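To keep things clear, I will list the structure first and then write my remarks on it.
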């Protein structure tokens, strides 16, 4: 019941957003509100703000007028699935890298001091600056039957955004056990490894879950940006720029992949909730993200 | 101990940069794709003026975004903390904002607010800042200890007094955590938004322009400037957070 | 002379997810002016709840609570009482002096008057040298003293204290008890004091109210046959009459819960 | 028969930002097998530090600590002792049974043997019906009992307990003391028990070691003239000899810190 | 694909070749996709993989780094890369003319580059802006007197009035304008609504889509030399196919992942054909005068940071007609028309939204 009210309120929030959009579009000045040369409120033209119903209706219409063209939403959905797959790989890579870094930093204080500032700094480098480098280096990798695929570059770039919250969150989590628990382990005369598996990892779960959720959202964002950046076909990043290119003649179409990207991000982040449900016993004491 | 803490990252940095420089100078890694640190610094020197002016343009956008995003994040969090309905209504919208990539929004906002102004980019930066500030502020506003709340009730304090004496000071460190997280996001977002149109002269545009004609040392020099600005934003907000945590108001 | 607190026919039930919780039942209790009354009883028996009703931090389901002849709500708004909890509940961003003057500044007392009162109070609780410290620079006992000074700031005629020494170690605790006895004697305030400690209740009180396990009822009221509160000092703790009183309260308590069944005490 | 613990000439200093902290000085103490010894003293006098030295959680600056004839380190690695702290320190993601078997599974004890031992232990601490609960579903007293069961899991001949009942309310505490007395009698383990509570120390101990304020020294060792630990029961708390022993320990304590100066107790 | 029946069956005998495009698949690259689809590459003994690019992929870098064997890129951008150290050579100048326009509203009064002064002029950046700077330099204009605004992927900035004149390719963005609806009339815009400045008519004109190869391999790698000639022959045949069958070519491009509407795609192929055909010296032949003009413009233009695209003449290895001449000669022998003198573009009607 309370859950239902929550969803209801959420729906109401979206409804309000739609109403504000349409009301502003109907009543707002065509060229937006310009104060002292700065446009503080947007234009209301169909080009800038398509009607909500046009955006939704466009989803149901075919991508192009070619024979047998699939509906826009199908195109968006299948592109989203491609991106989801790539993002999932990126997320996994980020998970491995993040966990390994966190373990190293937990194990050696000096490593924490030496690495953590750089890990934080790494996130101030814009992705697009090194997307071509990644693709180029990747394309030279060929080990036996394994040949680097372009989507792997995208996954690698996605992992660059994904590893960060995991490294930081996992480190915090691994350092979370109380002294009393650590001393208990010492009193049992067990080493670092057993302390890790019996104590540190389980204790890290409540810190790890929000980090994994953030990483999932980041992986999707990173994958989309990398798709745009490297021009990978098939994913949502690709149709994002493609439809944006068509926005002058078909403004509503460009919103399709935007909605797709949002749903994709929510789905990725939401799937971590599932993981969280499976790890319920480790979350009996919950911590903030 | 304190000195090790400062020296350790510097050592790591020097080792990595040194290895990088050596790899390029002697190791057969082509200077073409991965320019050496020396080459990058050389470009910083050669294009100092344009680095500064580009840094100012992008930095200003980021700063405006940081301020706008923080203000709106805090205000909406105050509303959401006060009214459960607003909280629940905002939830899906905030969740969507948290996962939406800049590349998706940039073209749309440019059309809405005009490609000849910085407003679209500033809004993108503020959206990036809004999410962590809102989430953290809202969490902070809920941290008020029951004992403090009881105390205020026992003083028959007005809602306004409760807000200023207990609720806000308790939330303050959380607000600053949000702003700190938002600070480097603001710089990145403002920069990335430049890839998708608008006035030229910012770091993002110059990175892409340089890269397009393979002037990679110059492109990385602009990246370096962006890192410095991002770091500056981070450190300033971190300092503000430290002060806030220590003394709150 | 009106009584400090008159509780009559009070029942309190909480609605929770697990159903109704009957916390208090048919409470009748009067606290005279200047009297020190302790509430003691097993965990979960409703001591805190009862104190919160007096403070108007919660309202009874049935029955009435009167404080100095008016309703609890009016008394709260009139600032008839001062209150202190188990956690000191100091605002960490305020100094000792600023914490103590908190109620005064909330109620618009002028700066000069505030300063004078704070000076008096830090002296009273023996923290004159610590007025400019922040709470995290104080020991637990010192923090609790600040909280007590704060509860005294507006010279209330009634003090409500919910296990104020619960978080302190036993030796600090004994020391604080003596201090509190002295302070109460000096201010002449009535006190409703919640505690788990029998010696503490005995040492401080004029009367000890022993409550039964949930639903909390007044099981027995044990009057203390000791010197006037103001005359009690540490040596008394080794006197035979002290031990007698302890035994009396102990027995009253155990009478309510004859067999403490293993593993089922309330949290 | 070797003694359980032999401490000789132990000094302990800590290096801190504020300079050297002299925590323990010239400690000499022997605990016989099966003996129950309590450490009592003002906050910060080094009780926990001393216990941590025995447990090899920290090392003395000078002097030696022997446990059952070997070094503290060897004793720890040989799992000669069980330990319990003020906080129960249960792992929240493990059930009661899983918490109790933690040391066993860490040391590679087989599943069947583990189950049998856990069964015994939950029975011993009276939690048979709660084996599958998680710690957050238990009251503080029940959690502490789980911690005690855990400390007993490997049948240690020495139990180290640092204020294990410090976080409990007085009534639960009394109850737990009785339980602990019974369990110790059943297992025959020697116990080093840190506490702040004089009645607790008196009720449980064969000998009470009273320590002086920092730097912690052994001020006086008070032998308890009471029935054997195994024979003590709740009624004893109302007996005259109990109060006498309390007074004896109180006086030993106050002798060490004649004037508790206001506002300077250690945190 | 359509006619691979008669192609050599044995896949292993084919030489693998990677071709890097400079943008997403679209009509601009119709000839390459046609060559692939029609089996011309296979006939030439090549197994060609066409690699599209995105926002940040620089085709000549992919080539210089050895990621690919050939790349399509605009000459001026590559000149910059060559100065930065890329060792690549232009082996075929497919587009003989510049397709860049600057489009203004008909009533804006902007009729020539000189009129840019004080105006907001759109450009894509990404190295596509050099023609503008070069043309402006001739008129004594630079970024201090003209405000340059980066356009994004569409023409909305122009349609909304944010910029006074937009950069547009004849084959793409100009069509986007003609497909858009004029909110005042409810109808599509027409050519009369705009004034169009073609950079081909200015000194800023620079050579555009060319095929680039790895200089070092051209010098040392005999197989690569042979493959290059074969590759060029197949590409030429592809472009001839596109010239003769624009409708089919448009469909082929669409099948290869282009998502434009049919009319827009056809327009693109048709306009691209116009930039290639007729080819006075044969398709792909590099006209030294045109190349020198491009170099001269690249030396003169300075962007807003004061950086010039290049500071010195490119090395002689920057271009060679050796391979295209060979390819053209062999094809001519087969009786194929390599100049397209009779080429006539078709008329394409752009539908709303390019549908």
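In this document, chain identifiers A, B, C, D and E correspond to the written order of the chains, with residue numbering beginning at 1 in each.
Rule of thumb we're sticking to: a contact is a pair of C-beta atoms (placed from the backbone, for glycine too) under 8 Å apart; a residue touches a chain by one contact, two chains touch by 3 or more.
Values in this document were obtained by computation on a predicted structure and should not be read as measured data.
Path length between chain B and chain C in the touching-chain graph (shortest route): 1.
Path length between chain A and chain D in the touching-chain graph (shortest route): 1.
Two chain pairs are in question, A-E and A-B; the one with more C-beta pairs in contact is A-B.
Chain centres here are C-alpha means, and the one lying farthest from chain C is E.
Each chain gets a centre from the mean of its Cα atoms; for chain B and chain E, those two points are 38 Å apart.
Computed centre separation for the pair chain A/chain C is 53 angstrom, with centres defined by C-alpha atoms. Separating the centre of chain C from that of chain E, both taken as means of CA atoms, is a distance of 86 Å. Counting partner chains per residue, chain A shows two or more touched chains at residues 43, 47-48, 128, 132, 136, 228, 237, 241, 244, 247. Of all residues in chain B, those touching 2 or more other chains are 33, 107, 111, 114, 117, 195, 208, 211, listed in ascending order.
Of all residues in chain D, none touches two or more other chains. Pairs of chains that satisfy the touch definition comprise A-B, A-D, A-E, B-C, B-E, C-D. Residues 30-33, 47, 49-50, 54, 106-107, 110-111, 114-117, 194-201, 205-206, 208-216, 218 of chain B touch chain E in their complex.
Residues 52, 55-57, 76-77, 79, 81, 83, 85, 87, 89, 91-93, 102-103, 106-107, 134-136 of chain D touch chain A in their complex. On chain B, the positions that touch chain A within their shared complex are 4-5, 8-9, 11-13, 16, 33-34, 85, 88-93, 95-96, 98-105, 107-108, 111-114, 117, 119, 135, 139, 184, 187-188, 191-192, 195, 204, 207-208, 211, 219-220, 223, 226-227, 230-231, 234.
Residues 145, 147-148, 150-151, 153-157, 161, 165-166, 169, 247-249 of chain B are the ones touching chain C in the complex.
Interface residues of chain A facing chain B in the complex, by the touch rule stated above, are 5-6, 9-14, 16-17, 32, 38-40, 42-43, 47-49, 110, 113-118, 120-121, 123-129, 132-133, 136-137, 217, 220-221, 224-225, 228, 237, 240-241, 244, 247, 254-255, 257-258, 261-262, 264-266, 268-269, 288-289.
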